[in-house]
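Look at the two complexes coming up: chain A is in both, with chain B in one and chain C in the other.
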Partner chain A sequence: MLIFATSDKGGTGRSVTSSNILYRSALQGSDVCYLDFDFGSPTSGAIFNIPTTLHGTTQGGLHSYLHGMVADPQRLEIWQESDRSSLRSRPPGAGRLVLLPGDSGGGEFPITKENTERCARLFLHLEEEFDLCLVDLSAGRSYATEMVLAATANEALRNIRTRWLVFHRWTRQHVLAASGLVYGERGILHTGENHGHDREELANSLRFVRTAVVNPDSPELEGLRPAQIAWLRDVDRDLSELASSRKVGRTLLLGSIPLDPVLQWREQLISDNDVWSRRIANRETLEQFDSLAKKIVDDAAWETL
Partner chain B sequence: MLTFGEVHTGLLQNSTSLPWDATAEVLNLLVGEQVRRSERPMAYAVSPNLLTSVDCRLPAASGKVIRGVGTVVSRASITGGHVAQGSGHAVVVKSTANRRLSWSHYLTRPGTIEAIGKAVGGDIARGFAGASQPMGTLDLGAISGRTLDAVQRSTRLDRHPPFRTQRTHMRWVVTPTDEPGVEATGTFRVATPTLRVLELVVPREHVGAIVDLCEDLALHDWLLTTLLALMESSLTGPGTRAQRIARLRPAIDTLLHLWMPAARVDEAVQPVWQSLERRPGFTRQWEASVSRIRDQMTLGTLALLESATA
Partner chain C sequence: MRMQPRQQLLEIWNATVRSSWSEREKKWKFGGRDAPNSIGDAEQLLCILTPATKVESFKLDRPDETAEDMIRALRPLGNATEIPKTLIGILREYFDRYSDPDGTPLFSGSSYFSSTGPAQPSKEQLRLDIVDSFAMSVTLSLSVLGFLKVLRSVANREENRKEIESLEQQASTRLSAAMVGLLRSFTVNVFDVDSAYGQALTTMINQENLPQRQVVSAVRRDLRETIASFREVLIGSGQVGDIDSPDRLFEVGWSWGIVNGAPPIETNEPVGQQPKGFAQDAPYLYFTVIAVDAIEDLFSERTRVLGLLNEEQQRLTRALQLRWELTRAYWSTMATFGQAQRWPVEDIPWRTTDEDASDYYTLLVTSLAVKGLVQERGTDTELGRIGTVLEELANRARVTRRPFDTDPALSLHAPGVLVPLVGSEDAGDARLLWTVSEFAALLFQRTTVIGGLINDAEARSRMLDLADRTWEHLNKRRLDKGPGRNLWDQPTSVFGQLTTRYDKPSWYYTQRVVQGLVTTANMLNRPPLRSPRLGNYAFDLLTEAEHLYDMELLSGAGDAGPRMRETLKVASIHLSRAREILPERPGTAAVLAAQVLIALDELAAARRDVTEAG
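Moving on, here comes the complex of A and B:
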C-alpha cells in the first residue's frame, strides 16, 4: 500500500506525525518504508536519528534516483543505522523499518516523463517487499505531489492501494488551507483528474489528520481559568463548523494528534520508553499514533462515504 | 577472458500461480519472438533474449579505467507460476582494434563486450565480484533489475501476492579454464542480506551452460532466503502457535513444492551444484527449515487436539 503524506502549509507536523505513525506500524509487525519526497528540505534522517543523514544523504538518495543518476536509491535500515538506543535493535515481532532519504542540497525540480516513469518503477518495486510505503511530500502544490499523481495514474499501478493523508493544524487558517489544497484550483483532486485519476475515487482515498491539537476537555488544561476554557470551547466549536462546511470535518477525519510537549521541543519519534519510563511524552499522543497506524490499513476507516 | 552476469529473483506479483496464457503474455517482451516453455519437472517459461548496448567503463579491482563496448543479453523467466527472474550476462573478450568499431560489428556478436586497450581477465573478474565500483561502470544489476521490473509491472498481474518479500541478487563470474580433466567448481558468498556472489571456474567448452546454472542457483537461494525470512517474522511474532503457523501458510502453499535443485541444469556443470551442496549446503538448510515448519504444524495440531479433548 502507498500512503502519501501532504499538507498545504509548512511546519504543520506532517513529517514528525507520519514518521511516528510509520514507526508504530513497524512495531505492530508490518514491513514499512519511508520515502522522503520533500526535496527542498529532507529532514527524515534527523527524525529517525541517522547521524550521517541529518540533512539528507550524499550517497545517492531519491533525488539522484529520480534524475537517473543512480540505478536504485539509497536505503537505510533504521533498526541498524539509527544512533538512538531505543531504535537500534529490532524489537521481537516488529517488521522492517527502512528509510529512503532525500539528497542533501537537492531542491525541487519540475516533472518530466522520465522522472515520473522512474517514480512509478520505484513504487512498483517497493510494493513487492513492503506492506506500507509512506511518501512524505513537500508542503503545498509541489512538483513532488504532481509527480506522484502522474505516476500513480500509470496503468501498472492501478491495482496498488493508494491513500492520502492531509495534515493540518487546528486553526482557521490551516483548515482553509487544507481544504484549498484538496478541493481548490490546482489542488490534489484537480491535478489528479488532469493526470487521469477518477476524481471521486481519489477523493474517497483521502483523509485528514489534525496535528498539535489542544483539547479543551484535557485534564492538562486544569490550570486555566474557567473563562479561558469556555473561550477554547467556543473556538473549537466554530472551527468544527468551518471544517465541516469546507469538507474537512469529522466524516473525513482519520485522527487528531494532541499537542505534545516533547514534539513541541524536538522533531523525534516517541518511544514507549518516553511515555512509560521517562514520562516525558504524553500517553495520549502515543495512543493516537498507534491508532492511526491501525486505521491507515483498516478498510473500515476508508469506506466510501 | 571471462563471462559475467547477475540474476535478480523475486515473487511474482500475483495472488495465484500464473496460468500459461498469462505467463506467455507477461514474458512477451520482444514482439515477434516466442516465449519458450517447459512443463517438467516444473512449469518454467522464459522470454526471448533482449539486447542492451553498452559503451562504458568495465569493473576492475585495480581501479584501472578499461573501456568496454558491446551488448548485454538479458531475459526474464517465471518458474512454478510464482517466481520471477531477470537475468543479464555478457562475455568479455579483448578487442582486436584499439578503438570503438561500428555498431554493426558489435550487433553481430550479441552478448559480447570487447575490452579496448590493456585489460586482464582476473582484474575485471575481481572488480565485478568485489566492492562497489565508481559511477559510470557497467551495471549489470541495473539491466537485470529492469528486466524483472518489466515482468512485475505487467497489467496481467493482479498485484495481490500471497506475501511481501525482498528480491535477491546473485552476481556471478566465470573464468574459463583449458586445463584438461578439470571439473567445474564454484565458491558462493553472501555479501549482503540481498546480494550473493558466485565465482566459478569452468572448462571452456561448458561455459555456455552456465547461465541456466546461475539462474537455477539464484532461484534456490531466493527460495531459501525467503523461507528463512518468513519463518523468522512468523514464528517470532506475537500470537498463539496456531496464529503463527497461520502466518506461514502462504509461504507453505507457494514455496515448498518449488525446491528442485539442478532440474534444468546441463550435466557438464552439475559438479558446481554438487560442490555447493557440500558447502554452504543449500538443500540441507532447506530441509532443516521445512522440517521445523512441519514440527510446528504437528505441535499446533496436537495442541488443538488436546484442547478439544480437555
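Moving on, here comes the complex of A and C:
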C-alpha cells in the first residue's frame, strides 16, 4: 500500500508525525519504507537520527534517481544505520524499516514525462517489497504532489491501493488552508482529476490528520484558568463547525495527535522508552500513533457516510 | 434545578444501548418487560431519537459536530460516523417488522393488551389497531424523517444515500397510515342532556350549583364556534348531524382505536388496507391526550422548517389540525368552565361521563386545559392555578408525600389505571383492557411544560421545585441492577407495600421520562427569567457606580501611578460589561457594579483619613 503524506502549510509536523506512524507500524510487524519526497528540504535523516544524512544524502538519493543519474536510489536500513540507541537494533517481531532519503542540496524540479515514469517504476517496485510505503511530500501545492498524482494515474499502478493523509494543525487558518489544498483550485482533487484520477475515488482515499491538538478537556490542561477553558471549549466548537462546513470534519478525520513537548521541541521518533521509563512524552501521543498505524491499513476506518 | 437533564439523558442513552444492543450479534434487541409490539418498540427507539432530534446539543445527524460525550454514551453503536448508520439499520428493522408483506403498516397493540375475562385475548384481538400506536408512529416517523433529512445532506456515498432514501420512504408511508388511522378514530359523542352521560357531564362542570338548563345553555354558548365547526368534519369518523338542537351535549376526542363503522379515507398515499373498526364511538381521555400531543408534532415549527410532509400528508394534517382544534377548545372550555371560585378541573378527581373518577383523569384534563390556555394567551395566574392542581395531584398520588400502609392511591402507579376498551369484545371472547401506569412520569412532564410557559419568576420556581421533587421520586424508581439498570420502572423501590419486582425495563415508562427531561433541557436552554425588581436595583447601582467613577477620573486619578490606573481600568471594564448585560442578566450586572463601588470606596475612605488627620 502507498500512503502519501502532505500538509497544508509548513510546520504542521507532517514529517515527524508520519515517521512516527511508520515507526509504530514497523513495530507492529509490517515491512515499511519511508520516501523523502520533500525535495526542497530533505530532513528525514534527522528524524531517524542517521548522522550521515541529516540534511539529505550525497550518495545518490531520490533526486538523483528521478533525474536518471543513478539506477537505484540509496536505501538506509534504520535498524542498522541510526545512531539512536533505541533504534539501533530491530526489536523482536518488528518488520523492516527503510529510509529512502533525498539528495542534500537538491531542490524542487518541474515534472517531466521521464521523471514521472521513473517515479511510477519506483513505486511499483517498492510496493512489491514492502507492506507499506509512506511518501512524505512537501507542504502545499508542489511539483512532488503533482508528480505522484501523475504517477499513480499510470495504468500499471491502478491496482495498487493508495491513500492520502493531509496533516494540518487545529487552528482556523490551517483548517481553511487544508480544505483549500484538497478541494480548492489546483488542489489535490483538481490536479488528480487533470491527470486522469476519478475525483470521487480520490476523495474517498483521502483523510485528514490533525496535529498539535490542544484538547480543552484533557487533564494536561489542569493549569488553565476556568475562563480560559470556557473560552477554549467555545473556540473548539466553532472550529469543529468550520471544519465541518469545509469538509475537513470528523467524518474525514483519521486521527488527531495531541500537542506533545517531545514532538514540539525535538521533532524525533517517540520510543516506548520516552513514554514509559523516561516519561518525557505523553502516553496519549503514543496511543494515537499506534491507533493511526492500525487505521491507515484498516478498511473499516475508511468507511464514510 | 437539582436535576441535570443533560447528564440524566446521557445516562439513559447509555443504559438504553447497554440493555438493547447486543455487541456479539451486532443486533438491536426489541422489547423489555413486555414482548415486542409496535408501540413499545417505537418507545424504545424514541428513548434515543427524541433527545437526538429535539435537543440541539444531542444531535447525531451531523457526525462532524456530534459532541464527544454523546459518542461516548452510544459507544457500542460505533463511532460518530457509524452511529447514524447503525441507527438506520435498526430503524429499518422496526419498519419492516411492523408492515405486512404487502407493505401495509401495522399498528397493533398486541402484548400491551390484557383481557377482562379469564380467557387470553384472541389472535384477532391482539391484531387490533390502537390509537397509542398511531400516535407513537407519528412521533417516531417525524423524528426519523427529520433525522434523515439532515443526514442526507452530509452523506456522500451512493449506497448510503440509497439506504437513507428507502428508509425515508418507509417512514413516510407509516406516517401517512398513522394519520389515516387517527382520522378514523376521532369521535364526537352526542347525547341528550337528560341521558346518564348528560347528567354526569353537567354535574362535573356545574361548580356554581346553577339549574341544569342554565348550565347547558352556557356551555353551548361558550362552545358556539366549536359547534359550528363540526360541519367541516367531512372525512373519516366523527361526522355528526344532530348537534344543533339546544338539549344536546357532546364530547370530542379520540376513541381507543378505529371507530366502529368508520369509513375509509380516500388517499393516494400507499397506506394499504384500511381495516374495519371495532372501537366504541366515544372519546377516551387517555387516547385523546396521546393523539393531541402527537398531532401537535405534525404542525410544529420543526416539521414545517424541515419540510417533512408531502402534499398529501399536508392535506391530512389540515384535517387532523381541525380535529385537534375542536378537541382542545372543547376540553379547555370544560376544564375551566363557569364563573365560580373553582374550575371543574380543580375539583379533583375528574369524573368522566361514564362515571369513572380518578386523579389520573384530572392529570389528563390539565394537559388539555394548558393547551387551551396557551392558545388563548392565558395569564401566569391561570397557569399557576393549573400548577396548583398538579401540586395537589403529586401529594394525593404519594409522589411528594409518604403513603399509608394500604394506600389506595398506590393503585395509580401499580398496576395503574385500567381502561376497558369497549367494542373490542366483538373481535374475541372478552373485552380487552388497557393498562396505564404513567402517572408519575406524566406528572413530571406536565410540570416541566407548565414551568416553561410561566413567565413569573416566583410561580416558575414553584413549578421547577415540584419538577425537582417529582424527579427525586422518579429517580428512586429506576431499576437498580441488570442490563436495564438506570431505566424505569421499579415502583416497589418507593412503595415498599408493592411486592412485584421487575428485572426488565418498561420502555413505555422510560420514554415518558425522557420526554420530560427533553422539555426541561429545552427550557434551560433559554435565557433566565428577568425580574423587573432586580433590573431596577441593578440599574440604580450601576448609575451610582458610574457617577462615582466619573468623579474619580475628574479628580485626576487617571493620571496617577500604575496600580491606581489598573484599579480604574478594571472598574471601567466592569462598568461597560455591566451596562452591556443589564437587560439580560440584571443580577450579574448588579454584582459587577457592586465590585466597582467597593473598589472606589477604598479610595474614598483613604482620602477621608487625610481630611480627618489634617
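Heads up, the rule we're going with is that the second predicted complex is superposed on the first by the 303 of 305 C-alpha atoms of A that agree within 3 Å, B and C clash if a C-alpha of one lies under 4 Å from a C-alpha of the other, contacts with A are read in each partner's own complex, and residues count from 1 in each chain.
By definition in this document, a contact is a pair of C-beta atoms (placed from the backbone, for glycine too) under 8 Å apart; a residue touches a chain by one contact, two chains touch by 3 or more.
Here the structure is a predicted model, which means the values were calculated and not measured.
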item: Combined model on chain A where chain B meets chain C, clash or fit; value: fit
item: First, second, both or neither for A:T251, with chain B first and chain C second; value: second
item: Partner chain(s) touched by A:R121 [first = chain B, second = chain C, both, neither]; value: first
item: Chain B versus chain C as contact partner of A:A243, first or second or both or neither; value: second
item: Which of chain B and chain C A:R158 touches, first, second, both or neither; value: first
item: Partner chain(s) touched by A:D31 [first = chain B, second = chain C, both, neither]; value: first
item: When both partners are placed on the shared chain, which of chain B and chain C touches more of chain A; value: B
item: First (chain B), second (chain C), both or neither touched by A:E129; value: first
item: Spatial angle chain C-chain A-chain B, Cα centroids [nearest 10 degrees]; value: 130
item: Contacts of A:G93 with chain B and chain C, given as first, second, both or neither; value: first
item: First (chain B), second (chain C), both or neither touched by A:A71; value: first
item: Minimal inter-chain CA distance - chain C and chain B, angstrom; value: 23
item: Of all residues in chain A, those that touch chain B in their complex; value: 29, 31, 69-72, 92-93, 95, 120-121, 124-125, 127-131, 155-156, 158-160
item: Residue numbers on chain C that touch chain A, as the complex places them; value: 62-66, 68, 80-82, 84-85, 151, 154-157, 160
item: Residues of chain B defined as touching chain A within the complex; value: 10-11, 13, 135, 139, 141-142, 145, 149, 152-155, 157-161, 164-167, 233, 236-238
item: Residue numbers on chain A that touch chain C, as the complex places them; value: 200, 203-204, 217, 240-241, 243-244, 249-251, 303-305
